[in-house]
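Submitted below is the structure of interest, expressed as C-alpha cells.
Each chain carries a letter (A, B, C and D) given by its place in the written order, and its residues are counted from 1.
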Amino acid sequence: MMQFRVLLFARYAELFGAPEVMVSVSDHASVADVVAALRILPGGASLPALPFVAVNQMHSDSSRMLLAADELALLPPLAGG
Amino acid sequence: MMQFRVLLFARYAELFGAPEVMVSVSDHASVADVVAALRILPGGASLPALPFVAVNQMHSDSSRMLLAADELALLPPLAGG
Amino acid sequence: MSCLHGAPLDLEALHATVRRSDRGAVATFVGQVRDHHAGRVVTSLSYSAYGPMAERICQEILTEAEGRWSVAVALAHRIGSLDVGDDAVAVVVAAAHRSEAFEACRWVIEEVKQRVPIWKRERYADGTESWVDPTAPEGVQPAASQ
Amino acid sequence: MSCLHGAPLDLEALHATVRRSDRGAVATFVGQVRDHHAGRVVTSLSYSAYGPMAERICQEILTEAEGRWSVAVALAHRIGSLDVGDDAVAVVVAAAHRSEAFEACRWVIEEVKQRVPIWKRERYADGTESWVDPTAPEGVQPAASQ
C-alpha cells in the first residue's frame, strides 16, 4: 500500500473541503483506483466516476498506472477563457 | 452637348495632372462615353477602357446613363485596409 | 512571460511582445466578464487555476500555434476576482498576412477553453454562487459554500 | 463617428464605442504599415481617399455587419502620411458570442479592402514610389512624380 496525495481544485476542492487529500491505494494503483478510493471518502460521493485528471501536469486518462512520485490532480470541467 | 466634370483620384489624378477634368459629351452620355472622351485627352491614354467608377458616390457600371447633375468619379484599383 | 495574471491585463504590453515591422496584421481577441450567464444576473466572478499546469499548457498552445502558422502569439488570462466588464482573457496574434492572424487567434482561444486548467465561480445578484460547468445542462453547478 | 482619420488611430476610443456589459467577446483587427511589399523595402506611405464616398461606404459596411450578426462594430482608417509600424486600419467587433465577433471582424476588413475608395502610395528605400494595385501582377503601378 502507498499513501497517495491528490490535488483538488474548484468544485472538487469544495466537495472535500480541502485543496488536497491523501488516499491509501495499492502499490500498483491506476488513476481509476485512486478515484474509487476518493469516492468513498466523506464528500466523495458527488465526484464523477471518470473525472478529468492530470498526471504530472499533463492531461491523462483513468487507466494510467501511477508511481509514488507522480503528481495527480483531479480537474473539474474547465471554464477558462 | 454638356460639359461634364469627372473626379480623379490617386494614379488617375496623376495621369491628368489634376484632381478633376471637364469633358464635352452628348446630353445622353453613358459612363463609357465619358471615359472614351477622357482617354483621348492628354494623359488619358493610360486609362483603362473600363475603369471602376462611382456615380453619386456609389459603385456603378459603365453602361449607366448620366444626368448633368451626377457626380462621376473614376476609381483606380482600391488599396485601403 | 507568464500567462496567468492576478492584476488587470495590459493589452498594450501584450501587443508589444508580438509587434514587428514585418508583421502587418494583428488579430486580437478579448473576453470580458458578462453581466449575465445561464439566465442569471452576474455581479462578479473569480477565476482559479492549477497554476503550474495552466502556465505549461498556455506555453504549449503558443508553441503549437507558432508551429502551425507563421505568427507570433501572446496570451494572458486573469485569475482572482473580476467585476463585470473586466478583461478575463486576451489573445494577440501578429502575422504578415491577415488570414493567418485570424485563424491562429481563433484557434488559440478555443484551445485555451478546451485545455487550460482554469475554473470560474460566478456570483449572482440574488446572492448565490455557482461553478461554471460548460458540460452541465444548465451551464453551472451550485457552489457548496455561499 | 467618422471612419477616416488624419491623426493616429485611437484604439481605446474605438473599443469604448462598442463595449457593453452584455457583450463579452471582442475581436479586433489592426493593419499596420509593413516594412516591405512586392519585394521592395518600404520606408513610408500615404493613403488618400474619395472622402465622402469612403465615409458613406464605411457606414454601409458597419450597418450591413450589424444586420448580419448580433454585433457592434467600430471601424477607423488612417489617411495621410504613415510610417512603418503605424496603424493603418482598425476594426473592433463586440458581441455576446465569440464566433460572431470573429466572423464579423473578418468580414468587415475584407469588405473595407473591396469597397472603400482608398488608395495607397508607397515610398521605397531606393527613392522610388508606387501606387499599390492589388489587381496588377507586380502589386504596384509606378507613380508618375517621384
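Here is the rule we go by: a residue touches a chain if its C-beta (ideal position, glycine included) is under 8 Å from a C-beta of that chain, and two chains touch if they have at least 3 such contacts.
Small disclaimer: the values here were computed from a predicted structure and weren't measured.
Separation of chain A from chain C in touch steps, taking the shortest path, is 1. Relative to chain C, the chain whose mean Cα position lies farthest away is B. Inter-chain centre distance (chain A to chain B, centres taken as mean C-alpha positions): 74 Å.
Between chain B and chain C the centroid-to-centroid distance comes to 51 Å (mean Cα coordinates, whole Å). If each chain is reduced to the centroid of its CA atoms, chain B and chain D end up 25 Å from each other. Taking each chain's centre as the mean of its C-alpha atoms, chain C lies 26 Å from chain D. Shown for chain D are the residues that touch two or more other chains, namely 31, 109.
Across the assembly, chain B contributes no residue in contact with two or more other chains. Of all possible chain pairings, those that touch are A-C, B-D, C-D. On the side of chain A, the complex with chain C involves touching residues 7, 9-11, 14-15, 54, 57-59, 73, 75-81. Here chain C touches chain A in the complex through residues 31, 47-50, 52-54, 56, 77, 88-89, 109, 112-121, 131-136, 141, 143-145, going by the rule given at the top.
Note for the complex: chain D touches chain C at residues 19, 21-36, 84-85, 96, 98, 101-102, 105-106, 109.
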